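Across the two complexes that follow, chain A remains constant while its partner is chain B and subsequently chain C.
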Partner chain A sequence: MPSKVNYATYIGAVLLAIIFLYPLYILFMITFVPTFYTFGQLYPPQLPMGFTLSNVYQSITQLNLIKPVFRSTIVAFIVGGLSLVLGIPAAYGLSKLGARVSNKIIVLLFLINMMPGIVVAIPISVDFLSLGLANIYGVALAQELVVLPLSVFIMLGGFRALPRDLENQARVDGASLGTTMLRVLIPLNRAPIIVAFLLSWMTSWDEFTYAVIISPTSSTFPVQLYNYVTRGVPYEASAISLIVTIPVIIIAAVLQKYLKSQYLTGGMTI
Partner chain B sequence: MTAKLELVEVSKSFRSKQVLKKLSLEVEDGEFLVILGPSGMGKSTLLRSIVGIEPVDGGKVLVDGEDVTNRPANKRNIAMVFQNYALYPTMSVYKNIAFPLKMAGYTRDKIDKKVREIAETLKITEALSQNVTTLSGGQKQRVALARALVRDPKLFLLDEPLSNLDARVRYAARQELKTLQRELGHTFVYVTHDQAEAQTLADRVAVLHNGNIEQIGTYEDLYEHPGTEWLGDFLGDYPMNFINGSLVGKDGYNVGFRTNWISEGKAGLKSEVELCQATDVGYFVSCTIDGKPIVVQTSRKYKIGAEVKFSLERFNLYKDGKLEEGTTE
Partner chain C sequence: MSSRVNWKYFLLVVPTIIYVLALSIYPALSVVYQSFQTPSGHYTVSNYTALGYYGLQSALIDTLIVSIAALVLQLFLALFIAMIMMKPFKGSKAFSTIVVVPFGVATVVSAFVFSQIFSPVGGYANSFLVGFGLNPVNWAGTSVTQLGIVVFSDYWKNTPLVALILFSGLSGLSPSMFDAATVDGAGPMRRFLHITLPNMAPIMSIALLIRGVSEFNIFALPLVLIGYHPPLINTLVYEFYTTTSGTIYYSYAAATILLVIIMVYAMFVLWRGGAKNYAL
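Right, the complex of A and B next:
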């Protein structure tokens, strides 16, 4: 009976949605409901019992989170930008190699992500200290390690799917390799490139391990937030964390348009 | 601008497979040369080597006597139309045609003038603002042609540009292409596996076989006097018939004749009809002589199993697969 199957599917989907959205819901509660009903109760009510903006107001006035948010933004854009500047040529180059060779290189790229972040972060931070990179720029560089392999992988899929003759045609029409890249290949490949940029941006936005080890002071937003929570101002911190979630939600909405499974297969057919 | 093209002992291999073997070729200024050959014989590779997107392993490519062998494709000023047209899908028709001009550094006004001129010539003015993905096959082919013609290159290379079209469109496009080339007077090198295209378009036909030019000349010349048995077999709607020379008093030779080089009914050769095929120009009778399949053109219909008799009006003599002597009408 198809109708029964649909019924069950809907229930499953709704249940899943509730499970995934519940933390976000709690975040909303803590932000906009008076503290008395949330942190003030042993068993807080699950429905909003009141509405207030004082939590938001307090967190903005009392916590110094503007600068960390600003720093996080810079880092996220550096990480996203670098993953394109380094990733596009890498993906293009790999797409020229045979799949047998390029797939092996991709595995090598992912090797760094197979180790726990903290194992990689500690030796890096030691070197970065002596290089004067124990700051947000060092954090951006370290985070690039995490996002670059995936970015290359996603864009490689795009480049592999392009007809080779378009590139040849551009060369025949008088375009240099750089112009061919900028005017023909990148516009054709914009969907995977956007996906790679946004994924890198998002990964950097809430990355914690590298950020806390490489730049513990004057750090990014997640680190600062963590500091406030451990120092005992959780509800103000929660309030502002909701504000910072908003760009991620927007990006996720944009991504959804582009996120097709083929970008994540690196152009390989399974 | 037109130019003469010269290939000197060009070689090209892919892994262990040698595709072009010391191939030499000369294309005259303003000539329409068709490179004809079976699939997988390196026709496309040859074009790609000329235009510069496939580096050659050895030999030289000369354009107007100038060695361009080591020059990248974007510095050779040779235009090419790819088989699948390779239109830039992210650009409009106008921008596709304007692209080579933009690369050559023309001013905006001049680009606009030239694009509209060529669009007029190829009757695609209404399509200029369209996205290329919405075009029909015939329009795509015109846009690709316009993009190649709009700048003033030394040579035009076309890689089976009509093979993706419907039969009727293809027929019209073939005629237009010939007219266009005659009006413009450019040097065209055109690759195809379609003999009818070679027949209608070419000033000269070069047949590619085993990585080299088997023979070059006018289509009629190649058809009447194929220099090798292979070419006689390859060229024409029906392969050339070959029989042992001893059957017609030419001992030591292989005798080759076309389906219509016979006179029917006279004594000479005879065989049993295996198949009789009716066409616009008569009947084609298949039979076997001395163990070799033979097709001859007849004016009347034969029943299967009946006897067909004919003598040879003219023939070519081959020895070791090569033409020794040909008779003419």
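Right, the complex of A and C next:
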């Protein structure tokens, strides 16, 4: 019985691993294999028939995709940073408010979070235009809406788990609330804070709806990539796709052990 | 705790609450309000009736089909993946890492890769079929195949998230329940049906709520993969929005319909899943 179960498990695991890796394999192939064997064939071979760096070279030199990647990086760091600037005080405040009040506020934040992106994006794009925010900074402000509730929730869990005594000791020793935050509470709570920052960063890196509606020109890389794909320069777009994917895959793999259920389910626990 | 202390801590939360409310409630209200207006500022329902001529019904039905198909596929395979992740076997760590990888791939990138795989000319899916002596498929030919590739691409990107949610649910189940059932003579199938599924129902309803809301909002993936045709709700809204000549009011009306659907769906899942279970 046990060996039979293992056998089935292995087959299932290998099949699923192939399904999950295959699209990435294709991305690597159309990036590094000469276009003659990939885009030039009616039925392209599944195995790499050659190796070239010219696609990568062309996409870096000819397509103007470096700037969007740079802009995406700025936006992602603003979104991640704002999550902490707004989220840390909010999470700390909620941890002090008692479960009854704080849970109601968290539920409110998450219900609002279910608002469709396009419903929010279209009206605020009009307002942002008149406010001079129809650019990547406006995109960052809008994306913050998506990540803020989850960030607050993740960090709230951390603050709730900290022993009260530590904070009281610091206060008795004469530290102000700000000093206690910076010297005691934030360092002790760094794991949830890092997870909140990285999840916000990744969400922003991926986000398309707000980016394309609020800042259709000179926007982040997903919008630019969309423009290039629809205009039909796929082999050069593939190189940039790969370049922007590798760092995020590494973050996802590192985050994997921290990706606990309550983070992913937006704070709803059973 | 005195109320004075409470207020001090509440003030720390106020910026976040104001931020979220200002950037969501206000735009949503203005969408609903303007969906009942003409460009000259009169009240009307013509924006809604006009949507009928622009294929709202089929966009709604297609969005429903894509959402339900994607949800069923993701839930089923994610449960399978989560159960494999539960088993201790050599390489299980590598398996968990591989399975989580698509979660990190940007939606537009995954849409681009799948557009290459399912390209009718020079696509890898067809070269696979031809390699096995089968006929190539014109993936862009019918709306069935087009919606199919959207569902499949969406499944690749989003199943990892569902699998991780279900995995943590499975890890919470007590092994002694399964042992007791085995002693009583229940086989793997009956253990799955009578122990795993009922105990997983609450966390599965959470996964359904989160993924379901995202499925109705599916946008970048169909836009890159199949463009505007056949339209889904979001691509329809976006098409009205980007087309000039006053169709922006149609986009408000279609967006309002989307908003209503999502609210009804969220209420339904919360109600069916038992609001008590969301023990925040």
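Note that the second predicted complex is superposed on the first by the 255 of 270 C-alpha atoms of A that agree within 3 Å, B and C clash if a C-alpha of one lies under 4 Å from a C-alpha of the other, contacts with A are read in each partner's own complex, and residues count from 1 in each chain.
Everything below uses one rule, namely that a contact is a pair of C-beta atoms (placed from the backbone, for glycine too) under 8 Å apart; a residue touches a chain by one contact, two chains touch by 3 or more.
Since the structure is predicted, the reported quantities are computational estimates derived from the model, not experimental observations.
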Quiz item: Just from the overlay, do chain B and chain C fit on chain A, or is there a clash?
Solution: fit
Self-check item: chain B versus chain C as contact partner of A:Val248, first or second or both or neither
Solution: second
Quiz item: In the superposed arrangement, which partner chain does A:Ile74 touch: chain B (first), chain C (second), both, or neither?
Solution: neither
Practice problem: Identify the partner contact of A:Ile60: answer first if only chain B is touched, second if only chain C is, both if each is, neither if none is. | Solution: neither
Quiz item: Which partner does A:Ala175 contact after superposing on A: first (chain B), second (chain C), both, neither?
Solution: first
Quiz prompt | Which superposed partner A:Pro23 touches (first chain B, second chain C, both, neither) | solution = second
Quiz item: Between chain B (first) and chain C (second), which, if any, makes contact with A:Leu166: first, second, both or neither?
Solution: first
Exercise. Once the structures are superposed on A, label A:Val233 by its partner contacts, choosing first (chain B), second (chain C), both or neither.
Key: neither
Practice problem: Could you figure out whether chain B or chain C reaches more residues of chain A? | Solution: C
Quiz item: Upon superposition of the two complexes, what minimum C-alpha distance (Å) separates chain B from chain C?
Solution: 7
Quiz item: What residues on chain A does chain C touch that chain B touches too?
Solution: none
Quiz item: Once bound in the complex, which stretches of chain A touch chain C?
Solution: 5-6, 9-10, 12-13, 16-17, 19-21, 23-24, 26-27, 30, 38-46, 86-87, 89-90, 92-94, 96-98, 101, 103, 105-109, 111-124, 127, 141-142, 144-145, 148-149, 152, 202, 205-206, 208-209, 212-213, 221-222, 225-226, 229-230, 234, 237-238, 241, 244-245, 248-253, 256, 259-261, 264-270
Quiz item: chain B touches which residues of chain A in the complex?
Solution: 163, 165-166, 168-176, 179, 183-184, 187-188
Quiz item: What residues on chain B touch chain A, complex-wise?
Solution: 48, 51-53, 72-74, 77-80, 82-84, 86, 88-90, 99-100, 103-104, 147, 151
Quiz item: In their complex, what parts of chain C are in touch with chain A?
Solution: 1, 5-6, 9-13, 15-17, 19-21, 23-28, 30-31, 34, 77, 80-81, 84, 87, 89, 91-92, 95-117, 121-124, 126-128, 130-131, 136, 156, 160-161, 164-165, 167-169, 172, 202-203, 206-207, 209-210, 213, 216-217, 219-220, 223-224, 227, 234, 237-238, 241, 248, 251-252, 255-256, 258-259, 262, 266, 277-280
